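Each of the two complexes below includes chain A, the first together with chain B, the second together with chain C.
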Partner chain A sequence: MSPANDRDANAFRLRLRAQPALRLDLAGFVPQALGGETPSGVARRALWHGNEQVPIGEFFDVEAMAADGPELVFEGDLSRCDGLGRGLDGGRIRVEGDVGDYVGSGMRAGEIVVTGSAGLLAACEMAGGRLEVGGDVGDYAASALPGDMDGMRGGLFIVRGKAGARFGDRMRRGTAVVFGDAGDFLASRLVAGTIAVAGAVGAHCGYGMRRGTLIFAGPQPEPPPTFVPTGHDVQVIWTLLARSLAVHGGPFAALAAARPRRFVGDLAADGKGEWLLPA
Partner chain B sequence: MSAAAMLEINGVVIDDTFAEAFPMKATRLVITAHNATWANHAAVALTGFATSVIACGCEAGIERVLEPGETPDGRPGVAVLIFSMSGKDLAKQIERRVGQCVLTCPTTAVYTGLDGPPDADRTALGKNLRFFGDGWQISKVIDGRRYWRVPVMDGEFVAEETTPVVKAVGGGNLLILAHDTEAALGAAEAAVVAMRALPNVILPFPGGVVRSGSKIGSKYASLPASSNDAFCPALTPLAKRTELSAEVGCVMEIVIDGLTDGDVAAAMRVGMEAVVARGAAAGVRRISAGNYGGKLGPYLYRLHALLGKEGA
Partner chain C sequence: MSTLRLKGGRIIDPANGIDGEVRDIGVRDGRIVALHPAEKVDREFDVSGMVVMAGGIDMHTHIGGGKVNLARMLLPEDHRANRAPDNPLELASAGCCTPGTLATGYRYAEMGYTAAFEPAMAPSNARHAHMEMGDTPILDHGAYVMLGNDELMLRMLAEGQDFERIRDYVGWTIHATRAMGVKVVNPGGISAFKFNQRKLDVDEDHTHWRITPRQVVQTLARALTELGIPHPLHIHASNLGVPGNIGSTLATIAALEGLRGHLTHVQFHAYGTEGARKFSSAARELAEAVNANPNVSIDVGQITFGQTVTASGDTMRQHANADLGSPRKWIGADIECDAGCGIVPFRYREESFVNALQWAIGLELFLLVDDPWRVVLTTDHPNGGPFTSYPHLIRLLMDKSFRDEQLAKLHPEVAVNALLRGIGRELSLNEIAIMTRAAPARLLGLADRGQLGEGAAADIAVYREDPDREAMFTTPEYVFKDGELVVQRGRLVATPVGGTHFLEPEFDPAIERMLAKYADEHLATAWRHAAIGRDELCACANGGRLLACPLHGRGGRK
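Showing the complex of A and B:
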């Protein structure tokens, strides 16, 4: 890198040179922490690689780039890189490729866009901001970290592909939108929040769901015996929800015209959750 | 009387005086319902008995009817504005009026009609009314706004949790001095039609017009306000100080509350223009305004300036 290019910046492009031998922990490597840094300074930042700390320059080529605000752009297959955007509190991160586990976990503000797929526990305990995954997400997305009580608790989480099992487990606030299929135990133990799914769902959907809303924009699953229909007019809240989801386009674009059936449950867990079945 | 005081348009004299208004706190609510009829029922009830803060707790009125495409839930609606002297008074009035007049009205839902600045004070809308649900109420956060869904006998009552409270202006006014009742009413009605076409203002009195304009104080110690004797035709030959001449037999006042200084000024301007357009032939002699010598409120609306005739 020439000294002329090694200037202070608040946005950087990081190109992965080779797959790390072990998992690389990118937690804490967020745009706001790098404001005013130089590319060489960024490259000297230490990351955990397995159980040793190594400079990020060992794995990435770093260059400054022009941007409106704090931003990081990663290029390459980051599927062995975990914790990207963990605790993000502002700024933008873009991954042009796949990413590993825990992407966007605990993020509070800002935006993360992943063009590829994400590993396990994406958006777990996310509290704000916007996370979009262009591909699939693994199990336990939008859920809680092992041992914690609450899953995703705010913000907007968009999955363009498929979701793994236990999506939204213990989620309690925020909106999650899944364009593809969802695995087993979707919205299990859901405390609150909204999950909209355009694809098919696996077994035991809504298991132990306490409150919150599930919207099925595509195939309409058969509600389990612990969910019961309510016969009242829900057009007001439905219109508010449908108009909000319409901005995502695709199968969510025309929901407002539908008149959904509503089921409440899980009756084994207070029964204040709802399924909205518009077709 | 100076030349400026003799401003006359179409035979109607515009007094060289000013209306004096004062700061208030306000919010806009949007009420929707299954059809326009029920939205209107709720709005009329909510804005009832809200002519003056002197005894009503707030001043409120229907701002305009909303088409389905303009409301958050795609149903017919009505926008109402509510003004009080403080945020605390406003909060109390919102809770009482929405609770008794909107929650109770079939098929209605209620939302804030103001975006407000990010740091705006907010007051409860559905936040406390939700407890009517006795534990069955549920909330839904959509795009950062929290709505409460309260089970009721026709389905569920949806209410946005809070509404912004903004600084506003109350007490803008016009006095229409006419030869007789018919002429005064006709001019006032024409002014009301013109003023109600503007956004961000309400005319809180019945039909937008008040015939009992008041002055501050009274000979009776317990009364904070009393009849504005200077503008009462019955007292023209009797009162120590009268603003009327013998040819004035009826005076009507229009009070304007607006979200901003400019909104009140615009309403007063179109109101005066509507009156003078009818001309002296319609029986109107003068247009004046009520004030307290400029000592009470920070907002002063000079009639000549509003008509672009300052210094004429």
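Showing the complex of A and C:
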């Protein structure tokens, strides 16, 4: 870039020039940390490439762009770039392409949009803000880091494609919406929060679910033996819930008209989780 | 041949009666020698104005074996919280309260420690314990094997079998597992837990075997005495952590009937039931008993505030404490019914009355026992807190005003009422050197460690004088392991492999027939794989030196 263009900015476009040989750790590389920086300054910022630190400019072309607030736009196949938006506390990140593991993990505020697919542990321990993945997400999305007690605990997480296994494991608050199919153990050990899924689900759905709500907008799975039907009239809460999901469109647009069956379980755990089966 | 000289240091070597004398220390091929002042050496270190001590010895620290590994696996968050290494010598290893084997060796050495002993090795898991310790760099190591809750010993006691047979079984177990001693954990209580008992007092019957903790303690203490094991029976007494447990702790001392015994992590065993909260310090009663019974030694198990994890063989007490876990998760486990295992993460909080009092009780015990040769400085790592808190603990013991400042920050009832407030004693450097070097070496029977006399191993720590003793003991100027410089200005400069201390007591081999039959009938592992041979120990120990220790009054099995 010419020096004339190397001015302070609070929004940057980063175009992946070369695929990194190893995993790149983008944790900490968030819009708010770069506000007031110049493109060449951003390019000099170091990040971990395997076990050595390299300037981000080795892999990305950086240019300033116009935006209303702190923002980063990444272009290219970032499937070897992990930790993007980890702990994000405001601002916007957009990835035009795929992204690696841990995207949006522990984010508290702000917005991340990924047009492609994300790797493992997307939105794990997410606590607030909005994360949207246009493609698929890998295993353990909206769940907890290995060994941790709580998964996703706030915010809105939208997956337009398919979800891997253990989606929402130990999740305890917030809303997750999956347009495609979900893998095995969807909502396992769910403590609280809401998951709405429009595709088919894998084996052991709701395994060890303690509280929280699962809504099946598409195929209606057979509840396992440790879930039991309840005769409650859920029409009031259903109306509110369906209205809040309708904004996501598609299979979630017309749920309000349905009369859902309600099951509770997993009776092998706390047994206060609910399945809402509107079809 | 390599020689070095530490010139002009202030020597604190209590084992040889030297307290602050300024003189040189010579080293040849890893041993301390007298060098003529004119003799040329390969390397000379000017340590004038600095304090020179033997390398530190931690005689009770959970650094190897299944339970330690389970604690690591239970707390991946502890490993994520770790600092990134900035020393290219360090291989990847992480963890704060449950450090990996490598980080354990690095952090100990950086404080001037050169040996550490795992106190709770399950016999069936001895290989794992030795392998993990072998993987721990720099430090020499050894372990105490757990007995007294194994079904075989309890059955032999219940059947009234000859003492000599039980003694031979103890001797065989130490030999086969290459241990440095025997630890009894909640005598009989771990087994009683499996028979649904939730507490077991010193004179209470095990519901199944109809034997008492008193019998277990007496039998083991006598067996170790007759086998000539230098380290007295290592006793984790009954009722750990229970208010009022001072009664069972004193009864355990009485049960020894004058035989030597080492009561471990006594802070957790010195509780009364006075006051509105029915929880009080019994440090004075315990200290008086220790002062009155020269056969008894202790280590303290001081607590420090913050996140840690408790890892114990005491399944009975850990099961009882599981609900207090933070984060709220725990593990209980067992192998071959030969001991126990309970892991509960825990956060000691200054604003908690109970934790504040535990902190005060530990310090009271350090300061109220008269003879420093019978008190060893420990936090029962990681149970009371990580070993990295030792420099802080040393400052608390040496600096009354610093201690008072810390006490004032705690739960107000403890800050105002603690016995500790009235204790003015400040430990000297000489006393600290006893509690961290000379006494543990003596209690373990390590004649050539923990001291700086001619012929001793050149495990040496050199500290720059600093009135802030925490800073002083955090960052030694030099640390030598067997004469090799391993730490300079608190930073690692070499990571040699440590050696393994172990014992090979004599026993009547006739016992092996009975043990083989028992193993065939009851155990999952094949009898012919039970004993660890010397070659195998060497492989387990990562090629480190085998340091067979002499027994009392006999030469050991040839």
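Methods note: the second predicted complex is superposed on the first by the 279 of 279 C-alpha atoms of A that agree within 3 Å, B and C clash if a C-alpha of one lies under 4 Å from a C-alpha of the other, contacts with A are read in each partner's own complex, and residues count from 1 in each chain.
Everything below uses one rule, namely that a contact is a pair of C-beta atoms (placed from the backbone, for glycine too) under 8 Å apart; a residue touches a chain by one contact, two chains touch by 3 or more.
All values reported here derive from a predicted model rather than from experimental measurement.
Chemist: According to the stated criteria, A:A18 is in contact with first (chain B), second (chain C), both, or neither; which is it?
Modeler: A:A18 contacts neither chain B nor chain C.
Chemist: Counting touched residues of chain A, say whether chain B or chain C comes out ahead.
Modeler: Ranking chain B and chain C by residues of chain A touched puts B first.
Chemist: Of the two partner chains, chain B (first) and chain C (second), which one does A:T239 touch, if any: first, second, both, or neither?
Modeler: In the superposition, A:T239 touches chain B alone.
Chemist: Please indicate which partner A:A66 is in contact with in the superposed arrangement: first for chain B, second for chain C, both, or neither.
Modeler: So A:A66 meets neither chain B nor chain C here.
Chemist: Could you look at A:G147 and tell me whether it touches chain B, chain C, both or neither (first, second, both, neither)?
Modeler: So A:G147 only meets chain C here.
Chemist: With the two complexes superposed on chain A, say which partner A:R211 touches: chain B (first), chain C (second), both, or neither.
Modeler: It touches chain B, and chain C stays clear.
Chemist: Can you list the residues of chain A that meet both chain B and chain C?
Modeler: Common interface on chain A, chain B vs chain C: nothing in common.
Chemist: If you look only at chain A, which of its residues touch chain C in the complex?
Modeler: 145-149
Chemist: Which residues of chain A touch chain B once you look at their complex with the stated criterion?
Modeler: Its residues touching chain B are 173-175, 192-194, 211, 213, 232-237, 239-241, 243-244, 256, 272.
Chemist: So in the complex, the part of chain C that touches chain A is made up of which residues?
Modeler: Residue list for chain C touching chain A: 73-77, 80, 327-329.
Chemist: Taking the touch rule as given, give the residues of chain B at its contact with chain A in the complex, in rising order.
Modeler: 32, 72-75, 109, 136, 138-143, 147, 149, 154-156, 158
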